[in-house]
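Below: one structure, written as structure tokens.
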Amino acid sequence: MIEAAAFRQDEPLRRPLRAAALVLVALAAAILVAWAMGNAWWLSFLARVAITATAALSLSCLIGQAGLVSFGHAAQVGLGAYVALIAGEYGIADLTLLAPLAFVVVALWSAVTAALALRTRGVYFIMLTLAFAQMAYFIMQSLSRFGGDDGMALARRATLFGAPVLKTDLGLALAALALLAAALIGFVWMTETRYGLVLRAAKENESRALASGFRVFRFQLYAYALAGGVAALAGVLLANQAEFVSPSYMNWHRSGELIVMVVLGGATSLPGAVIGAAVVLIIEEALGHWTEFWKLGLGLVIVAAVLLRGADLSALFGRARR
Amino acid sequence: MTSSFRRALLASAFVAPALFGAAAQADPVKIGFLSTLSGPSAPLGVHMRDGFLLAVKELGGKLGGQPTEVLVVDDELKPDVAVSKVKALIERDKVDLLAGVVFSNVMMAVAKPAAEAKTFLISGNAGPSPLAGKACSEYFFSASYQNDQNHEVMGKYAQDQGYKRVVLMTPNYQAGKDSMAGFKRHFKGEVLDEIFTPLGQLDFSAELAKIASAKPDAVFTFMPGGMGVNLVKQWSQAGLAGKIPFLSAFTVDETTLPATKEAADGLLSGAEWAPNIDTPENKAFVAAYEKEYGVAPSLYAAQGYDAARLIDGALKATGGKTSDKEALRKAIASAPFKSVRGAFKFNTNGFPVQDFYVVKAVKRGDGAYVTQTVSKVFSQAADAYAAECPLK
Amino acid sequence: MNASLLALQALNGLQYGMILFLVAAGLTLVFGVMDFINLAHGVQFTLGAYLTASFVARFDNFALGLAAGLAAALALGVLLEIAVFRILTRRSHLEQVLGTFGVILVVTDALRLVYGPAPRSLRMPEALSGAIPLMDGLMYPLWRLAIIAAGLVVALALWLLVAKTRVGMLVRAGSTDRETVSALGVDIERLFVLVFVFGALLAAFAGAMAGPLLSIEPTMGDNVLILAFVVIVIGGIGSIRGAFVAALLIGLVDTLGRAFATDVLKLVLSNATASAAGPAIASMLIYVLMALVLVARPAGLFGGNGPS
Amino acid sequence: MSEAILSLRDLDKSFGALRVTRKVTLDVAPGEVHALIGPNGAGKTTLISQIAGSLKPDSGRVIFAGEDVTHLDAPSRAQRGLARVFQISNVVDSFTVLANVVLSALATETTAWWGWGVAMKDPGLRERAFYALDQVGLVERAPDQAADLSYGERRALELAMGLVQNPRLFLLDEPMAGTGREESRRLTELLRTLKGRTPMLLIEHDMSTVFALADRVTVLVDGAVAITGAPDVVRADRIVREAYLGEGEP
């Protein structure tokens, strides 16, 4: 009897999974509609939404689940894009090789930097992540062999088992959707595994987790590496979409925008990060169509959202329901 | 989640394509104009855009006699953003032609998708070397110059002046390195030091001290936008103006002079245009621009203006049709317009063959600071990369 | 590289450090005392420069223009405080980051809307526009010396204020233990407003002082903001002394790095490699410095003791 | 007496000029409830922190179950069977009561924290968690958020989180602090039922609890051990009376 009651309350996966499914189905439907209408631009916009959402999602996992606010996450995305670029220059353009390569390289970079950054907390941590991102930025900027500050066009779009799946806008959009789906469901699931439980506990109450016998440092290190790897995969797709890679992908403003997306969508809600990314891109696109001063509008929306406590979009939807 | 949430998502899925996909009518000639309109480099993009729009306005809102709609888009100086916006212009807005682009990194990113979509792209400023050489395209034309050329002008000028020892200073990015390479193409003296500064650097005190201690015969620099304003002001504050000749490209022009004013007085620059070039078209253009916008036009404005008039001429030749790509290409290649620069024709690689000058910042009678030609350095010059271009 | 050049570069670094200190001082106090991450602090720097420039142009007098410019920048700052920041101080750090990031976007574009995209200039006062020959062939502008002097005066005044006055005592206490201070019956809200206004004023002053050296444009506060954060993190949040030391450190390291990194590399590397790597390393230097400091001392050089 | 489960040898710790722990030597025997009392500022919590591993002593040794753990960090000591109940209630507020205990149970799983399964559905973990909750009387509250618990219930939850790890030693830092009379009585009762099964090192201000539970009592004054002995002996001691008279407590 009591057991049953506890089970009902403790059904932790159902709600976020349902939200995740909704978000993904909506995006898939939009892609389908765009494809049916033959609107190539709309397809490529949706691909960009899915790619950006994946990056925001990996940051959301860090901020909302692990409590690690990174102000340099765009560097991870950018490094992934650079792996695609540089590997492409050496003839590696098949996703079977490229994706693991990007994941591992950037996860390693993330782990090394996190090992240092995790010695600090709070704003100090935020600034150290920024510092490492800036270092990555300046390193890429100085690589004139790969375009330096100007950036460089991708040799060719990536293939999968030799098939040019990313050649068409539809292919790219579907690949981005697939990555997003895998990342979203994976992350949602992860938060409920043993590992995720500890990660969340450490976020909220680190001394408790330590006293219970968990080496919090390692949990956070893995989370940071994992999020970096997923961001790198988003970077690979971004490079393929723009067919162009430049250090500006790693600019701190981009990192700031990713944080905006995550917080706007509700920091602790993983599907929220996807919604946050979509909302920001749609605002950007819609306002940018009307006025060159679109950032003024975006800024007002952000400020209003925070002040009116609508910062948590998913909570807003939740409130509307009640 | 919730039903209202679901409704919102569904709504966004259906409203959004309607919102973005609506403007697909094909009546007027549509031109997508890509420019940098935000951030510290915005003044360049604003001049280029204003020059273009001025020409369209003067032609009664018609290019080639066709009603024309210009869709101006801000590339934010981000190559990936530019790519997605260019794709939007091509695929969503179905533009007939693309024009604009201030910066080379943006140009390198957008030239490929434009060419793949078989959409002509008329550069209003950027002229990166790959597009002039190996990667030239039949869908790309430049109404400006090839990047190296204005730097070559100053190198040639330094050589002609007999300067033996110079210091070069540019931002640390590809265009900066190309700039130094361009300068050195005609300069045979000694380069004492090549200083690369971080892109976006504000304070040049460290570099100025270095330059002063090196005691060169002249300094050549390429500092576009706000960096140039800072450099020029600090150059004058450090008492270097008048002591060491200041040779530059894209550093002293009408976009920066309103901010530097007398600090730039007498500084030299390489350019293919200046407000005082004595052609009737140029006189009319400068007067109209100042009347319309209240400031003196820069070379970016002149290039934008020429780009619009080039398109106008080409569309006249095709009878306003843009569907026959080969005809349109031939029409553009014949440069059917009178450039404000005077003589102007296209090379095989789509870049202009034109004159280049050394220009100097001066105070005009009405108190405004403008550039003025000092001497012609190259006559009807082609760029160094045309030979590598496979197009005939 | 000779000794006089090195000394001159050190002076340049000092001057750069002073500007950073003026911006960072307010940031570290607001953060230390109010526990408020204000990304929009750089906006005050920009506003100070813009408004001073436009008032100086109107009055044709630097002192008057500076006073009016600072007053106007302050008025806008207070307006922002009342409308936005006051609410944000009670929110989580993340919401503060988000909200103040939004404010940056709004103010930056609003400035562009009002003043246009072209950079503006600020004429320095006639009396200080001269230069003195510090090195053969190079004049050192008096204005830069004035900035160093102003920075030192402000640093001294701040130190006296924090160390010797009752308000300073409250600020110190407030940054370590808010509850105790409110228990003392002090109106903590009013204290916070005071600290905020003071910090905003310093940042605006920094913008006005840097204005004559720089092109004034809407995004000029962005990089200064990031550097100011680097400064307060190295110095230890809440510590005025830390901000001062760290600002000078950053100023010197950055300037000397830019001046000599390539030359030093040329001693061990080929010329081409050195010119490629030098600027990149110079750009990275301050971030490397920050990483080293934080790895060794996770709460900064003077962290953990509140303002001192 | 068999070998002590916990032995402190000459522990010393200073914060700057302030010496908070002075040459503390102390043994906790298996099965015993050992109370640590002393006036405010005597360094009791600092001592507990050094035992738990969240603070490093300047010198001296901490020996736990025959092993020198002086240089091990807190998680390692916890994994060896040290369970700590904090002075200020320390649970994960946003988790359910059950999740808190499951979390704690996880720490001692040999499979550690890997695995694809949803942690909260793991039957083994749940069974252990419910067993621990049952011991402290919190089963009914299992599905509720920890944040919604009363103060005493949070204490009980922390006890359950300790119990589920089958600890070899409980470090209890003022478990009664802030609880009401009724809750305090129930907690004392609860601790009494645990007595004999798990040794405890108990910091407590409430003397009636101390004398009701403790087998031995150590008095800490100014960071140093003033006296260790049976409750009756300590109660009669002059130093203790003086130390506590200053506090105005019985």
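As written, the chain order gives the labels A, B, C and D, with residue 1 at the start of each chain.
Following the convention adopted for this analysis, a contact is a pair of C-beta atoms (placed from the backbone, for glycine too) under 8 Å apart; a residue touches a chain by one contact, two chains touch by 3 or more.
All values reported here derive from a predicted model rather than from experimental measurement.
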Remark   = Of all chains shown, smallest offset between own Cα centre and global Cα centre goes to A
Inquiry  = Using only Cα atoms to place each chain's centre, name the chain farthest from chain A.
reply    = D
Key: Interchain centroid distance [CA atoms averaged], chain A/chain C, Å   = 32
Chain B-chain D separation of Cα centroids, rounded to whole Å = 73
Key: Computed distance of Cα centres, chain B from chain A, in Å   = 35
Note = Among chain A residues, those touching two or more other chains are 141-142, 144, 295
Remark   = Contacts with two or more other chains occur in chain B at residues 37-38, 172
Key: Residues within chain C bordering two or more other chains   = 109, 112, 279-280, 283
Query = For the protein chains shown, what form does their contact graph take: line, ring, star, complete or other?
reply = other
Remark   = Listed by label, touching pairs are A-B, A-C, A-D, B-C
Note = Interface with chain B, chain A side, in the complex: residues 15, 18-19, 22-23, 26, 29-30, 33-34, 37, 39-42, 44-45, 48, 141-142, 144, 147-153, 238, 241-244, 246, 248-249, 271, 278, 282, 285-286, 288-289, 292, 295, 314, 317-318, 320-321
Key: Partner chain A, residues of chain B touching it in the complex   = 1-6, 8-10, 12-14, 16-17, 19-21, 37-38, 72-74, 77-80, 83-84, 87-88, 90-92, 104-105, 108-109, 112-113, 171-175, 177, 199
Request  = Report the residues of chain A in contact with chain C in the complex, numbered from low to high.
outcome  = 63, 69, 116, 119-124, 127-128, 130-132, 134-135, 138-139, 141-142, 144, 252-253, 256, 259-260, 263-264, 267, 293, 295-296, 298-303, 305-307, 311
Chain A contact footprint on chain C (complex, rising order) = 31, 37, 39, 84, 87-88, 91, 93-95, 97-99, 101-110, 112-113, 222, 226, 229-230, 233, 237, 276-277, 279-280, 283-284, 287-288, 290-291, 294-295, 298-300, 303
Remark   = Residue set of chain A touching chain D in the complex reads 2-3, 5-6, 8-10, 12-13, 189, 192-198, 200-201, 204-205, 207-216, 219
